[in-house]
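Each of the next two complexes has chain A plus one other chain: chain B in the first, chain C in the second.
Entry: the complex of A and B
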């Protein structure tokens, strides 16, 4: 019985080897879970609606990624990034956190940012670009703040110096 | 045929090679264990200009999987060393080593940056972002330089004949300048491996 439990436990802990989606680069295996998104999702449907649903979130993420690639404070950090994967996982994460019908399949915030040496100033610069992208989509400030409130505590896992 | 003759002709024509012989040195720690990454050097011949010298290995210090590769690189004084970042994350390489101090911010996969080393000695490399990254560049003013492998052995194929002072440097040596020397009388090392031991501290 103990042996069976141990096997079950080890199976549960084995990271699921997700197939690499087309156009993306392989990553080291990790356990896929919505808890990797770094916060509990909102349950108020008005917020998801204010973001324009999945299509609105997709546009916001695409716009934000465009902005960070030309932001001199951030461009060098992202220069060697897999932008296909970055866009996909950010869209999943925002959709999930905003209470949309999405699962987050990316890495936990701590491991996805490990080794990047991100500073507080760089974290804040990324938030600025997100705010500009939400403005461009016409998301009301009050609704923007619902998302930012979920993202802000992630600074603990993202900023490492 | 030409391929065989050319190196032979070059060997005959090259000055100072007429009376050369191979020298092999084994470097160990105080307990006798072989010491890898030790750099052995011999005094340069008169009139040697390190600025014009080229070693046979690449003047390159890669950053790969959050490590400096190689761990130790030997370069002639004046060398321009490439610092390609093979990682997807950025590095912030620096050295506080005296006149060779420098700082280099390298974004992910950046491969086109050079650093010149104009002063002899040991250069300790670190990365501001990844504390565990440590590497060394040994800047020398001699054509006679070699590094020990895992067996602790380094070989200089064309060591000059006569009495020689072998200098051994290792990043973890406890002596003030990281070196120890070994005096070899003429013929001392012929046909055998010279032995030298260094006191080292535990690597960080």
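Entry: the complex of A and C
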């Protein structure tokens, strides 16, 4: 009986394979949790509002990804990336961190970047592209910095060389 | 002193080797660039990466932990009775170590005549600096209280030893030791630096080191606070406490209000209103401080 319970418990803890959303490439199973987003969400609704809510965040992420794909500094990193998945998980992550009504279903920062060999210079290039995208959306600089303050410590997990 | 010169020369050799190796694989295959705008700081009057009148814990140059960077600067401060200039160069290695050289010239102009030194008499000094980043990260450590901390030394050699002796100064050369803590509070768009400096320099060393009122190094505090208006623009204020070792002329603390603008990743322009107080018995020495820094 105890053995059966243990087996049942271990089965329950095994990460369920997420169905692969249309247009995305399959990924290895992992435990889905908002804690994968890498920071606690903001509770100040003014910031989410300043980003233009979900629609604004979607535009910012789309713009940022467009900029990343043509940035020569980042060409090597994203060459083989699933941009459909990248857009979806980034939108979820920013929405969640900005206190919006979203859940993050992506991987933890460390495992999602482990194979990319990202340097600090490349991390900063990503930040610059995000800043330009937030500028284009008209997000005030001090509100941009509220998000960047949450993303900055992720440098320790994202930068691997 | 000799060690600093040797280290600086070595670093210069590495720098030129890396620069000539750009684009071609080489055993000196260091990266250049990579820092976010303004996060290398500007160049303080003593040559170190920092604010305008005090070193910060940041390392000069645009390099990250994988590369090398460097900056040159020219700073001019027009005061009612004097003109102050500083120019020099600094290199940053792996965002960890910084070596700097600055030459300061303090032109007494017509005031020199009134002081009996002769019109246009100029005090000048060479400043050799080294700085080591020892802990923390000013930018990425947003989830931690720990600031970025660096320790540094500045060796200064003034070329007017005879006059310095005549006005009661103890020595024409000296050194400062300092520790700086710098932290970006991104959520507030604020930058804060606190520096503790052991020094016996009179007017930063321009009037020598130590004097009839005291020769020992004393601990002096320096503070910079900046508010980031955009990626390119930061405005703020600085305050630097000064020792008072010369009997003939009271020395006041320095302070300034500044705006620093990053034209691009290579060029930063700074304008400030600086108040150095009384210098060599001439009071209310305040004026426009302009600085240009170029780097890679």
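Here, the second predicted complex is superposed on the first by the 150 of 161 C-alpha atoms of A that agree within 3 Å, B and C clash if a C-alpha of one lies under 4 Å from a C-alpha of the other, contacts with A are read in each partner's own complex, and residues count from 1 in each chain.
By our rule, a contact is a pair of C-beta atoms (placed from the backbone, for glycine too) under 8 Å apart; a residue touches a chain by one contact, two chains touch by 3 or more.
Values in this document were obtained by computation on a predicted structure and should not be read as measured data.
Visitor: In the superposed model on chain A, is it clash or fit for chain B and chain C?
Guide: fit
Visitor: Contact-wise, after the overlay, does A:97 reach chain B, chain C, both or neither (first, second, both, neither)?
Guide: In the superposition, A:97 touches no partner, neither chain B nor chain C.
Visitor: Between chain B and chain C, whom does A:74 touch in the aligned arrangement: first, second, both, or neither?
Guide: neither
Visitor: Where does A:134 make contact in the superposed view: on chain B (first), on chain C (second), on both, or on neither?
Guide: Neither: A:134 stays clear of chain B and chain C.
Visitor: If we overlay the two complexes on their shared chain A, which of chain B and chain C does A:152 touch? Say first, second, both or neither.
Guide: After superposition on chain A, A:152 lies in contact with chain C alone.
Visitor: In the three-chain superposition, say which chain, chain B or chain C, touches more residues of chain A.
Guide: The partner with more contacted residues on chain A is C.
Visitor: For the overlaid structures, how many degrees, to the nearest 10, lie between chain B and chain C at the C-alpha centre of chain A?
Guide: 90
Visitor: Once the structures are superposed on A, label A:39 by its partner contacts, choosing first (chain B), second (chain C), both or neither.
Guide: Once the two structures are laid over each other on A, A:39 reaches chain C alone.
Visitor: Measuring by CA atoms in the overlay, how small does the chain B-chain C distance get, in Å?
Guide: Chain B and chain C, overlaid via chain A, are at closest 8 Å apart by C-alpha.
Visitor: Residues on chain A in contact with chain B in one complex and with chain C in the other?
Guide: 161
Visitor: Quick one: in the complex, what on chain C touches chain A?
Guide: Against chain A, chain C makes touches at 31, 33-36, 64-67, 95, 139-144, 186-187, 189, 228-231.
Visitor: Write out the stretch or stretches of chain B touching chain A in their complex.
Guide: So the residues of chain B in touch with chain A come to 66, 87-90, 92, 105, 107-110, 128-130.
Visitor: Once bound in the complex, which stretches of chain A touch chain B?
Guide: So the residues of chain A in touch with chain B come to 76-77, 79-82, 115-117, 161.
Visitor: Residues of chain A touching chain C in their complex?
Guide: Residue list for chain A touching chain C: 39, 119-122, 124-125, 127-128, 131, 141-142, 145-146, 148-150, 152-153, 155-156, 161.
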